[in-house]
Amino acid sequence: MKQAIYEITRNQKIADHVYEMVLRGDTSAITAPGQFINIQLAGKYLRRPISICDWSDTDITIIYKVVGGGTEQMSEMHPGETLDVLVGLGNGYNTKKSGDAPVLLGGGVGVPPMYGLCKALRAEGKAVKVILGFNTASEVFYENEFRALGAEVTVTTVDGSYGMKGFVTDALKTMEYSYFFTCGPMPMFRAIESVAVTSGQYSFEERMGCGFGACMGCTCKTKYGNKRICKDGPVLEREEIVW
Amino acid sequence: MKQAIYEITRNQKIADHVYEMVLRGDTSAITAPGQFINIQLAGKYLRRPISICDWSDTDITIIYKVVGGGTEQMSEMHPGETLDVLVGLGNGYNTKKSGDAPVLLGGGVGVPPMYGLCKALRAEGKAVKVILGFNTASEVFYENEFRALGAEVTVTTVDGSYGMKGFVTDALKTMEYSYFFTCGPMPMFRAIESVAVTSGQYSFEERMGCGFGACMGCTCKTKYGNKRICKDGPVLEREEIVW
Amino acid sequence: MVNLSVNLSGIEMANPIIPASGTFGFGYEFAELYDINCLGTFSFKGTTLNPRFGNPTPRIAECEGGMLNAVGLQNPGVDKVISEELPKLAKVFHKPVMANVSGFSLEEYVETVRKLDGEKQIGWFEVNISCPNVHGGGMSFGTSAASAAQVTEAVRKVTSKPLYIKLSPNVTDITEIARACEASGADGVSLINTLMGMRIDLKKKKPVLANVTGGFSGPAIMPVALRMVYQVYKAVNIPIIGMGGISTAEDVIEMMLAGATAVQVGAANLINPYASRDIIDALPAAMEKYGIRSLSEIIGAAHA
Amino acid sequence: MVNLSVNLSGIEMANPIIPASGTFGFGYEFAELYDINCLGTFSFKGTTLNPRFGNPTPRIAECEGGMLNAVGLQNPGVDKVISEELPKLAKVFHKPVMANVSGFSLEEYVETVRKLDGEKQIGWFEVNISCPNVHGGGMSFGTSAASAAQVTEAVRKVTSKPLYIKLSPNVTDITEIARACEASGADGVSLINTLMGMRIDLKKKKPVLANVTGGFSGPAIMPVALRMVYQVYKAVNIPIIGMGGISTAEDVIEMMLAGATAVQVGAANLINPYASRDIIDALPAAMEKYGIRSLSEIIGAAHA
């Protein structure tokens, strides 16, 4: 983990209520896809944890949805403005267990961390399938970006207005895969849990105090003891999760 | 009183710790020199009351000293930024009682309201003497601005590094005048009270809650009953003041 | 169309917004700024039997998310309130007003309420047993269930108008005091008065306030207010007027979900003189956002 | 050169800065970020006799100028603290540490302190009788003078190390409780623990916290903390560890002027992991700004 000041170099809407922001600064603390950053905002006491979508030596890309006052404030910021950010939080996904043909399932704002993960898996030479689930066509983002990584992409929408009608699990049921990785809302996780035929990794969300393991605000029980979502997670393996 | 958003068109240092700021917007609520405005600042709960130095149909000029977090924040703002301001607060000076040759005594950040007052008195054709008191040369401001209004200006500094060495009262004792108007710190007021030979008006400072007469946070006793510094003041006549 | 109206002890209010006592004077200052008949009602400046200057200045200090005040019940006394303030108010406000009353003895509470009781403008009494800024009275009545009951019982005898007791948050168990008020004949309770706080001037190395301590209000205290309204809602069967830091339409909804039938807006009026009107104007959109058709339906809904 | 050192019950501290229990774990998480030997000391995670998971999540809510937590004393239990946490700490922290202890019965407090008393790393005990987030214990010991005295007296018998009792602000009269602790053998008191607050989720129309209420900390509560430290300083002759919203060097000075001999920094560590170190680094300049040569000289100076 590192704390530093980052300059916004890009902040634009890419789907309904969804924004892509690029932050320039030290990225050396990022060690795995699926980690997150924690952003301080003027007038808000707690930082806002946002998963890392992609990163390079100089830039971090995040994608966030405007769901409240904090993310609304972020959406109104301009390139050139700066943010105080804690970077490289959480364990991130472990790509070593993926097998040769993993499937990645992202739901809504659970899609962004799948991008960095897909990139890493592709760099390791894996054949990656990606299922991106949204409610409706106007919320869809990053389909082409995943394709550009060489992944086989399926988009599902609940109302059928784009791609396959239904949930990510409807697509999953039709596929062969060696392992799965996912990030998304709890109902999606429960659905995946009931149909997935391999091992896999889930990335959980919880209200956090600090984001770096100090406050015990986000502890959950696992089969192997208590884990802090922010520090020992957010990624847990299927086998350890207590549903 | 009016509440509106004002654009900063100028904000620059004019003496040690002292800044001049020009705000563009509706000035129709200003009715007299010696009134003040109340400025909302990001992250500060209470507004900051600042006396009006000068105003036109479109602009308000204020001069403020950096004494704490709020004024420091103001000093870091740039032209183009906006402020939520309550304008036209307080009674202001009553120029009708000035006689033909009033003297104006401003001490430190008590100088600014003297400027608008001087302008008004000169417009009424009065021969105005002005005494501006500062601690030291580096704090002196607006001497030439007062001269440009056609006033007879004396500057005093406590350490004698500029103008006459001493206090405003040392200059006052040497002058003839028909009436006095003053704004400045309490020790200066007490000194004036002990040497002034005419009637006059004092502008008081007090910690305020609202600035518009609602909270009773700044009440003082006068010979004619309780007065709210923010609404019934800040200007009180010599005859009513309870020292 | 959403419905903002609530019924407070038999009096229908167009909306639940009530500027809090001590932040709205006797209304006419604000009537110069906007038509105050848009309000549900307002609670007028805390009135005592005799005129009071209040505490020496400084009476105001700032803090994170709020302010401290130690005004100390400055008011012209009940006789002048009746002869001067209420007639001035009558010209600009045409709804029942809430009469806020303070005292330093049982007798004073009783006498002040008795004098005001005949005034037709007054819809409700709000008896303040929780002012933290006066000594030998005020808050001391509000920090024990026994004395809260005494005041309630005594005042109850001299008015048949709806009687609200304004409670202090500076207590170990506010539900015990609320229950005592209920048992002694209160029609409702209003809470919370200010938290007792202080600030110290680092340059002078002295308390900022001449009174040393002051009442802490503003958005910073809202979590404490919500908790207490929630607890009291569980403890009593009389309506609650909720207050403490309310500054937005969302805050109003949150306070009503906790259990408030109506809400008071205090410090916000001092920062933005149009705050109470602005909150009323913003309520319909906020209600629609959260799927609320009628405000009166959400009172205490967080308990379900 | 300014002098930051203070003496806390016979132990010299390089500076008065103590990260508060529950915001600093057992120190080694922070030791990865900076050398925690710069601290005066720190108060380790509240330890109970048996391991505790704590409350269900959500345990955290945000509010104006602060946060609510309802962690509920999650900790590995005293035996594991001794066998695992303290050895890990010994590698990175070479000063006496403050042992924060909680309990659900007199016997549990006594047994936990007895087990920890032999640990040489421990310089002080801080016995928490004020946790608002656990039921049937915790805060209930801290809301009456009699039970506060009982805990103090019982624990006093099993340790001769400096004993601080951590007090709840959720009481009518904190001075009464502080005096009871003093009379029962406490070497000092630490205050304030968190204010009890709540938030409601407008979308779900339910309390945000699974525990319904939580402890409110952050800069918003500082005026209440200052007031209570000021009052307790007048009431007792034992040292006070002051806390509640401290986030800057200026806050430290303000709290010491109110009467604190040392201060704890809590929520600030969660927002900025370097907060405690940054405050220590900023103290000399702040002291010079306000003409303070030695911090120990300003303890309680606002009372003069």
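By written order: A, B, C and D. Residues from 1 in each chain.
Here is the rule we use: a contact is a pair of C-beta atoms (placed from the backbone, for glycine too) under 8 Å apart; a residue touches a chain by one contact, two chains touch by 3 or more.
The shown structure was predicted, so the numbers you read here are calculated from the model rather than taken from an experiment.
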| request: Mind listing the chains that sit against subunit C and also against subunit D? | output: none
| task | Could you find the chain whose CA centre sits the greatest distance from that of subunit C? | result | A
| said: On a C-alpha centroid basis, what's the spacing between subunit A and subunit D, in Å? | reply: 36
| query | Just how far, in Å, is the C-alpha centre of subunit C from the one of subunit A? | reply | 47
| For subunit C, residues that touch 2 or more chains besides their own | 61, 63-66, 218
| said: By the touch rule stated above, which residues of subunit B touch at least two different other chains? | reply: none
| query | So which chains end up touching which? | reply | A-B, A-D, B-C, C-D
| field | Complex interface listing, subunit D residues touching subunit A | value | 22-25, 29-30, 32-33, 45, 53-54, 57-67, 69, 71, 74, 208, 218, 267, 269-274
| What residues on subunit C touch subunit D, complex-wise? | 61, 63-66, 68, 143, 170-173, 195-200, 202-203, 205-207, 212-213, 216, 218-224, 226-227, 230, 245, 250, 253-254, 257-258, 290, 298, 301-302, 304
| field | Sites on subunit B touched by subunit A in the complex | value | 42-43
| field | Contact footprint of subunit C on subunit B as seen in their complex | value | 1, 3, 40, 44-47, 86, 206-210, 212-221, 226, 231
